[in-house]
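Here is the structure we will look at, set down as structure tokens.
Each chain carries a letter (A, B and C) given by its place in the written order, and its residues are counted from 1.
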Amino acid sequence: MSRYLVKRVIYMLITLFIIAAFTFFLMKLLPGSPFRNQDKLTPQQVHALNEKYGLNDPVPVQFVHYMGKLVQGDLGLTFQFDGRTVTSMIKDGIGPSATLGVEAIIFGVIVGLILGVAAALKHNSAIDYGAMVFAVFGAAIPSFVFAGLLQYYIGVKLEWLPVAFWEGPKYHVLPALALSVGIIAQIARFMRNEMLDTLGQDYMITARAKGISKGRTIFVHAIRNSLIPIITILGPMVVNVITGSLVIENIFAIPGIGEQFVKSINVNDYPMIMGTTLFYSALLIFSMLIVDILYGVVDPRIRVAGGKSK
Amino acid sequence: MSMTEKKLTDDMFQPAAMDPGKHEEITKPSLTYWQDVWRRLKKNKAAITGLVAIILIVIMAFVGPAISSHGFDQQDVRRTNLPPKIPGLEKVHFLGMDGVDIRGNDQYKLKNIPKDQYYWFGTDSLGRDQWTRIWKGTQISLLIAFLAAAGDLIIGVTYGGISGFFGGKVDNIMQRFVEILYGIPNLVIIILFILIFEPGILSITLAIVITGWIGMSRLVRGQILKLKGQEFILASRTLGASNGRLIMKHLVPNTLGIVIISMTFSIPGAIFFEAFLSFIGLGIQPPTASLGALISDGFKQLRIYPHLAIYPSVVMCILMVSFNLIGDGLRDALDPKMRK
Amino acid sequence: MSKSKWSLLLTLVLALSVFLTACGGKDSGSSQSSGGGDKGKLDDKQVLNLVDTEEIPVMDSAKASDAVSFRVMNNVFEGLYRFGPKDEPVPGVAKSHEVSKDGTVYTFHLNEKAKWSNGDPVTAKDFVYAWRKAVDPKTASEYAYIMAPVKNATAIQTKGDALYGKVDKLGVEAVDDHTLKVTLETPTPYFLGLTAFGTYMPQNEKYVKSQGDKYGLEADKMIYNGPFVLSSWKHNEGWQYKKNDQYWDKDAVKLQEINVKVVKDQATATNLYETNQIDRTALQADFIDQYKDNPDFHKIADPSVFFLRLNEKNPVLKNADIRKAIDMGWDKKGLADVILNDGSTPAYYLVPKDFTKNPDGEDFRKINGDFGKFDAAKAKALWEKGLKATGKKNVEIELLNYDNDNSKKVGEYLKNQLEKNLPGLKIKIKAQPFKQKLVLEQKMDYDMSFAGWGPDYKDPMTFLDMFTTGNSHNEMNYSNKKYDKLIKDALKEADVKKRYQMLLDAEKIFMEEQAISPMYQKGIAYIQKPYVHDIYHHAVGGDYSYKWAYIQGKK
């Protein structure tokens, strides 16, 4: 196992390097300059500014410079805000984003699993239909609609919870709810399907026949054997949610990092594009590793680590 | 019971005459797999309802624009943001189809619209007929749904299937490739697309194809990793089944449940992704608008002109519910275990 | 799911829609009657709550280049002059000034009472330091070109020039602590207004150097000389102003505290307004109909002008009749009044109205009047004449557009109008991300482009000098020798009356040739609580002043 892990870490670094290189060269193809005032600058002025930031050098040279600094842990300065490092921007923004993301994931997974399992156990009952209707709408309706409706009806009309901002626990409720709708929908839908499948398997009947209680068969065998798709979708989902959502953070005025994944690209903030990409990719690749390891934990017959299949 | 009183005699137990040649005969009429699927699907009322609803929507998407007297790009600044008004239904006021806006003003009267002019779903901010635009938009969104589903099925299922089945080195390389695709920011690639391609269906398809299938491939891979260790695969392998047969006949059919569910998520995802692409200039050409774009635009004015968001949302919801009903029905019908 | 369940679902959807419709209506009349307090008696609590759409990008006045930074700087720093309630320069750090006869040397007398928030006096040296820093190529200021009227400013920034980087050659000099002498390249009648601009604000050299790279990065890494100080600044969340006790004119400042929160979503801002958490917010197009009958609703004109660039590299658009037909072939009033509806007015000109006045006090627009009106029949005639001249029957023209909601509507409206009124014309709308659109314009790789221009300083020149032959902002290949000469002469003309006439004539030439098709002059729509008074809007530079604002009648 440990040899496998070492191997995976080496792969991780190679993959990250390839992502960094591709992103770097692709983003340099984006038209325009990173300067805020570009519409009023003349090409000569843009050229002079580019000179100052080393943006007139050939792209491979710039890439080598960038990688050299990256190895020393220096992600550079953002172009959007004077004197702020990319590292500090990510560090400041990830706090609220990750907090919100973790809350939404925990809530979403618990509710999703309960709904999914309940729907499967009470197949074709009102619970089943209710859960699946919720899941269908959760998938069909984009999160900005939920966020907007929650904000208006619960924040403005009923005044039960704050409309926006990030100042304490009660400020987390609405954005976390809005963010969790999609999670609940997916988890519930996949869980129900897998549970139905598992409940029909021969070993479940065998287990019951051997006198194991119904509750035990469900919790020990059925749920555990239904977790593979859940684990698969949870990997990237956790990474996406904790790195923040542009839409939810904008609607609830949360000072997270989510916006930067889009904005940095729109304004050609090169160091920020690289910073967010590397940060996201590292988390993502790590999550993929965890997913592969968890496969083996849930179902010991799966051996991703084992190399050859027989 | 009277049964017990009946006497059992030996002559009641005569061996039946049996033709040894018919030992192996199956008395049930022989059905091919697909006939069987169709037979089971027909029995599923929910799935049929979904199918009928989708067929109706498809018909409306093509017929709808024609039966309205207004063109889909017929603008009129004197007739902007009119609430819906439908002949007949206009007399039933609580339905909200009487041309009265949410403040209680009869906009048709205020704007001096002739009595015989009706905008069934109201008009938008440029005075265009919302009915016509919704059905035109439905055409596009249906096409997007189809493309997304096809991409998911063809690329996602194949990629995930191969990666999971062969495992080892193949899986390692294929999964590292997926990580790279996940890692490189999509938006950068899409903006580069805008530079290279003309906006249109082709560019949308390409944008969806780059990453749309990854989630599906991961799910299928996970499922196949789990399945390939199970007894029935071992049994089949022992009987000499080829890899192709194992994948196509045994593994993929068993992943259909999650494949269909995954599609019910990727279809609405793609419809709204298209709305975003159109917004940044890669999608379809204005003034045509898709359902996704109509909803995104309309939602901003939900509180003042609710009809702009609600009607496209209703069409979208009916579509999604129908897709799900058919999906569930198909899953049950395709699953050999469900055969009764 | 069975059939009945499915129909239940549909009912649910419909019920939801009716519910939404019903609920949406309730708030339309919610507004407050205007303040009931005695006139003249201010509320005890002088606190203003605002939102802004973005985090402050820069607080170093030499480097700033965006609206949010300039807005904050206008309230926490102060230049020689500042824009007052009537949007005319009023004394700031300078209490008076003299101008030499040829209009090229300004001598400013500084107010001895002007102090930094740490108690240091604001001296002439603070200006010399800040201005030199702004033009220094090492600073790489994105707005350094605004210093161009000051002698040698452009040469110092031009690589290869003998003066490149020699900031001590800049035409600014501290005669003594309270006298500042500024030498200009050419007479610049609008120079006084320029001194209110962010880039012209002073910096205390000793303090700035003591902070090193950290200067301006946090609220406590700056000193202030304006009506307010930044008392806290939480990045990406918001900031707070408090009244500056060291300010020379502190008796005029009524507000004790201003809280600003960063809110990027318009719906969120209006929701905060309705729950009384903020006192004012600008309104984007989609939200105007919702508030237009509300007494809190206001519109003001802004001097930004939006227009269609007509690229003369395109052989069809090279034809003046075609350009005129395009200008006359669509209803500008419909666009401004119905589609934008935010106080924007139809534009038949390049230099905006209510922006500058001639030396006799008459508005530029009043003198020059409008050019061209919507006339479908005449447009069609000109169009056909033009087509004949170019020998074409059907023309496809590409319209380069911004990729935001409002522009999308504007583009669709234009397409519909022009295609309807000019037979044989087909318009292809090409929406592009902002940065890409700028590049396409610069390469002149478009036919027609929806563009805009906001003034940098208060003079018609800010709109006119960019269309001379070969100017990098003349992105439609427009060229007219008479026009070029008028602009060149006006730049040197010391007689303000003659100069103004030259600018009037230049616009006439430009518009009569229909080099652009003007679309509208922008308006700003906002809602503001009735108890908020005297927030002043400015045409250029930092766009709002809170110095004179006060709260009266809040319950």
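The rule is simple: a contact is a pair of C-beta atoms (placed from the backbone, for glycine too) under 8 Å apart; a residue touches a chain by one contact, two chains touch by 3 or more.
Computed from a prediction, not measured in an experiment: that's the story for all the values here.
Compare each chain's C-alpha centroid with the centroid of every protein C-alpha atom shown, and the nearest one belongs to A. Summarising the inter-chain layout, the chain whose CA centre lies farthest from the centre of subunit B is C.
As a whole-number value, the distance joining the C-alpha centres of subunit A and subunit C reads 38 Å. Averaged C-alpha coordinates put the centre of subunit B at 47 Å from the centre of subunit C. With centres set at the average Cα position, the gap from subunit A to subunit B is 24 Å.
Within subunit C, contacts with two or more other chains are made by residues 1, 5, 9, 27, 267, 433, 436.
Counting partner chains per residue, subunit B has residues 191, 195, 302-303, 313, 317, 321 touching two or more of them. Residue positions of subunit A touching 2 or more other chains, listed in rising order: 30-31, 132, 148, 152, 266. Interface residues of subunit C facing subunit A in the complex, by the touch rule stated above, are 1, 5, 9, 12, 23, 26-27, 55-60, 63, 65-66, 137-138, 140, 142-145, 157-159, 213-214, 216-217, 234-237, 261-265, 267-268, 271-272, 274-275, 277, 433-436, 438-440, 442, 456, 472-473. Note for the complex: subunit C touches subunit B at residues 1-3, 5-6, 9-10, 13-14, 17-18, 20-22, 24-25, 27-28, 266-267, 286-287, 289-290, 331, 334, 337-339, 401, 403, 405, 408-409, 411-413, 415-417, 428-433, 436. Subunit B contributes residues 45-46, 49-50, 73, 75, 77-78, 80-81, 94-96, 102-104, 125-126, 191, 194-195, 199, 279-281, 285-287, 297, 300-307, 310, 313-314, 317-318, 321, 325, 328 to its touches with subunit C in the complex. Per the touch definition, subunit A reaches subunit B in the complex via residues 11, 14-16, 18-19, 22-23, 26-27, 29-31, 132, 136-137, 139-142, 144-145, 148, 152, 185-186, 189-190, 193-194, 196-197, 200, 228-229, 231-233, 235-236, 261-262, 265-266, 273, 276-277, 280-281, 284-285, 288, 291, 295, 299, 301-304, 307-309. Interface residues of subunit B facing subunit A in the complex, by the touch rule stated above, are 165-169, 171-172, 175-176, 179-180, 182-185, 187-189, 191-192, 195, 215, 218-219, 221-223, 225-226, 228-230, 257-258, 261, 264-265, 268, 272, 295-296, 299, 302-303, 313, 316-317, 320-321, 324, 331, 337.
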